[in-house]
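As written, the chain order gives the labels A, B, C and D, with residue 1 at the start of each chain.
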Amino acid sequence: MTAPIDTLKELEARVRDLEVTAQRTGQNLDAAITPLRAEVDRLRAAQNPAQPPAPKGDPTRWERVQLARAPGRPTALDYVEHLCTEFTELHGDRRYGDDPALIGGPARWQGVPVMLLLQQKGRDTKSKIKRRFGSANPEGYRKAVRLMDLADKFGLPVVALVDTQGAYPGLEAEERGQGWAIAESIRRMLNLRVPVVNVVIGEGGSGGALAIGVGNRVLIQENAWYSVISPEGAASIIWKDASKAPLAAEALRLTAPDLLELGIVEEVIPEPEGGAHLNPQQAAQAVGEAVTRHLRDLMAQSPTDLKTGRAARFRRLGAYTETT
Amino acid sequence: MALDRFFRRRRPQQQGGADMPDLWTQCPKCKEGLYNRDLETNAFVCHKCGHHLRLDAAQRVTVLLDEGSFTQLSGAVQPTDALAFQDTESYPERLKRAQKKTGRPDAILTGTGAILGVPVTLAVMDFAFSGGSMGSVVGEEIARAAEHAARHGTPLVIVTASGGARMQESALSLMQMAKTTVALETLAEQGLPYVSLLTDPTTGGVTASFATIADVIVAEPGALIGFAGPRVIQQTIRQSLPDGFQRAEFLLSHGMVDAVVDRREQREYLASLLGLLTRREVSA
Amino acid sequence: MALDRFFRRRRPQQQGGADMPDLWTQCPKCKEGLYNRDLETNAFVCHKCGHHLRLDAAQRVTVLLDEGSFTQLSGAVQPTDALAFQDTESYPERLKRAQKKTGRPDAILTGTGAILGVPVTLAVMDFAFSGGSMGSVVGEEIARAAEHAARHGTPLVIVTASGGARMQESALSLMQMAKTTVALETLAEQGLPYVSLLTDPTTGGVTASFATIADVIVAEPGALIGFAGPRVIQQTIRQSLPDGFQRAEFLLSHGMVDAVVDRREQREYLASLLGLLTRREVSA
Amino acid sequence: MTAPIDTLKELEARVRDLEVTAQRTGQNLDAAITPLRAEVDRLRAAQNPAQPPAPKGDPTRWERVQLARAPGRPTALDYVEHLCTEFTELHGDRRYGDDPALIGGPARWQGVPVMLLLQQKGRDTKSKIKRRFGSANPEGYRKAVRLMDLADKFGLPVVALVDTQGAYPGLEAEERGQGWAIAESIRRMLNLRVPVVNVVIGEGGSGGALAIGVGNRVLIQENAWYSVISPEGAASIIWKDASKAPLAAEALRLTAPDLLELGIVEEVIPEPEGGAHLNPQQAAQAVGEAVTRHLRDLMAQSPTDLKTGRAARFRRLGAYTETT
């Protein structure tokens, strides 16, 4: 299907507009620009159906970031469609609204009953805009807390698929306590007495990703990234120039192999040659297998051990020296 | 609330920028020149406009705790450059500069003390050190302070001042949001109160973790508090932000903080509150 | 979701008002004349416009449960006139009329049964009885149903339809909001799922108690659901209400219900959901 | 102090306006009219400082309803000022807003540390309007839940002073889940493992009152009322005429002695001759003594007994017969 030319033109204009502003003011606008730019790329690719050539050999960090954003990369719901039956989406935070950027509900994951938490970017332009490219509002995190309460009550393991550039930086999000909602989600997940397995399936941006990222086993796909700040954001701060993002990506060490080395993830899930977007089916099989293996392992542990083990995992993380 | 108990003699503190004689400080808001001695006795609040000047960690301890009651806990934990982070300057060089400027290993000072006689464990972020950014040392020291409070049965007070997570430690910084939460849950399981005091500015990962899961959240007047920074938001929504957006008073009216408390009343406020929240054992 | 499992033969139900031949029912929304036989096989949903016609308690049981699976629990508890309530008519006279009309002691029917083979305890409010108002009998029967489910280890499904609390029992009615909550907590402590199905209309004390503390809240399309009635609100705010205000779809978009489910898909939805939520014992 | 004439005239016009609408449409508008009418009465009384004569002998039910609304009747904060030290009001639901109609925080009640929950009607016209005459929004009930969480965590007994015509019937209140918020507040209070003592100090209107009314001991002042619906509301439904409220008050049996007889309250707290507004100090002493006595009694019970005792209390309430 060819994307509507008008949408593409409109998005391109918007991106240029933002880039000019960023350039002129030295501000970091990548939270606004990057998703739009990715969408422009996707629409262009859709109009010229040939996929970009897969990088040869070990991709650079920046190439991996681009793979994590590649048009056609499977979204959270694509994995659910490949791997789950009986997904019953439960809506709403019971306080204010229902966030389409962070969704969830019970499902069978390769036959195992679980509670899903999904950062969903959207699969076409319309749904991407509706879902704010996977950037959640406080309502999303509060819904996540509610679903974790249900998981705890009914003994359902939690599977959380992380894919966001970060929490949504909106005025209303701040009014309704974005920071408060993320903090509460982190706390709730840390306190769960059921197994929690997280997979970074694309972008793992900052606190908005961590909010549903504090499980017993944190996995990451080969070409996903996870960092305290996006490479564009870091480049804007360091060099006042978002186009230096490739340099920032190197400095931030945000790729899957980096994170494995830093002890932040337990396992890197291999992707098909050239990236998950080239063979979503195969990518899903690898994710499915890895998650199920960790779930089965964790389901043998007691509720108390699950909680204390998870706490100990995160209590350890960090790098410092100590004088005596 | 009576203020008279507040005005006791303070240890003298150096104030004043390069352009100002050491005896004077200019109020950043109303531009009034203020005698440093007067400022100190007024908890570094401008006499003229009520502006709460930013404090470094040592000044905060002086303003908050009973004189002479502070015993430092932090200091042994030192930052390291696990990522060999290099941008326009190496991370170790940046650290060295900040350490020299503040005289401490990182953006955090913790210890024990008393507020009007109520024993507390206290952690204070130091905005003067790299914008109060949270890396592994801040996370570890906050966690240890919480665990110290849990072990010794004292309430915990954390004073925040932070621009967010420390970029130079990338994902390791991010993980401190979880680490601090883990330690605070240990405290919570003991039924001990944790009060956060949010000061100007508190943004980013600190707001989205330990600052906002306190039992009671107190903010200083006028403090900027939020997750995303105002400029990023302004560009997202492409319209100007309302007056007072993300300020302490705005957050109070949106239900996010329990109280906005003048710095000159914080000691009485905290002492009374912690007294009331100290768990009374009910027969099991 | 496949509907074919839904269309099995239903017990015939009497339909049609005084002006209509017994074979026909007029859709209250689109005014289409509908064969009762067709209505029944379509779960009393209008073929033409999708309007969900109101059901009495017996019809609801037929639509929801596997045929022949229902065993009634309620019936022994009878209303009484503790306040000697007298207005234009005495409370006992009102009760007698409603009992004659519906054939049941009060606005509630409870029992056990199965949904696509999943055993459940079911409570259904009967709007035909005094507008589904909640008095002592409704409260007691809901509480007993919850306790039955807890005792027998089944999930609980409650179908609500109520104009609110029953005025003629004054404060005793009000207390049923607490009583039902107490019993539902007994169920929750067993880790058993409770799903509420909100149908048109669900307002007042029912909305502010057991209807909305369910683990999962499902609403029927178009159902009016709220605490205050729309006319009261309109007069409070003195402007007209937005289209669709307090309807199921409005509540979904405001985060208040988990799903709006077509009546013809409710059996599959509930069976799957209850299957997923049934607690799996993790080793202690 | 004499009330500003303008405010009084404005309120009178508003009341007439609403009454005309109610008459014309047959709708029940008492939720909107009654508080305004009471305020008009109060302002008139303030301009003519002589108090209305106290009724002689046992007042009728309707007279008691009027006493419960008498100008100058002490509000929740008046009791706190008479009886408490160190009241630290804690604000906000940490999700959306801070409701001035339902407030609370820790305090010492005659020396005993407690968590206060207060329905506060306001003491002058301006504060009454700000506080919506004590009719809370969902944020109020959600703040109450948060404060109850703190009370439970720190072992603070809860003292709840009930004084509301009902939850606020606003459009936004419905949007944000008024029913949901009330239900959650009821559930939270029922689950507390600390002593809970409630006092109806004026009006106990419907679910909005019950939301903070489900304690171990429910007390009521001599001239307060508590009912599933206000007398005006009942009269509008029954006779399509709110002015028949005195008849409805009789039928509803909503006075303190009625409620004691029905087993809904444990104790009626005596008021000064002629009503609490004639001697707020004396009224406060009686409330203080009764609450403290029940608190001391309950503080000897275990957390488990407090919870199960409270549950049993409400599980029992109701009137029905049973066939066998």
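We adopt the following convention: a residue touches a chain if its C-beta (ideal position, glycine included) is under 8 Å from a C-beta of that chain, and two chains touch if they have at least 3 such contacts.
The UniProt protein names, listed by chain, are A, D = Acetyl-coenzyme A carboxylase carboxyl transferase subunit alpha; B, C = Acetyl-coenzyme A carboxylase carboxyl transferase subunit beta.
Quantities reported herein were computed from a predicted structural model and do not represent experimental measurements.
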item	value
Maximum centroid distance from chain C, chain identifier (CA atoms)	B
Of A-C and C-D, whichever chain pair has more C-beta contact pairs	C-D
Geometric centre distance via CA averages, chain D-chain B, whole Å	40
Intercentroid distance (Cα basis), chain B paired with chain A, Å	31
Interface hub residues of chain A, defined as touching at least two other chains	94-96, 176-177, 180
Multi-chain contact sites of chain C, meaning residues that touch two or more partners	212, 254-256
Chain-level touch network, classified as line, ring, star, complete or other	other
Full enumeration of touching chain pairs	A-B, A-C, A-D, B-D, C-D
Chain A - residues contacting chain D, complex	94-96, 138, 142, 176-177, 180
Complex contact set, residues of chain A against chain B	18, 21-22, 25, 27-29, 31-32, 167-171, 173-180, 182-184, 186-187, 190-191, 206-207, 210-211, 214, 226-229, 234, 237-239, 247-248, 251-254, 259, 262, 264, 311, 314-324
Contacting residues of chain C [partner chain D, same complex]	75-80, 82-83, 85-88, 135-137, 139-140, 143, 165-167, 169-179, 181-183, 185, 204-205, 207-213, 226-229, 231-233, 235-237, 241-242, 245-246, 254-256
List of chain B residues in touch with chain D within their complex	188, 191, 193, 212, 215-216, 252-259, 269, 272-273, 275-284
Chain A residues touching chain C - in the complex, by the definition given at the top	86, 88-98, 105-108, 113, 139, 143, 150, 153-156, 193-194, 299-303
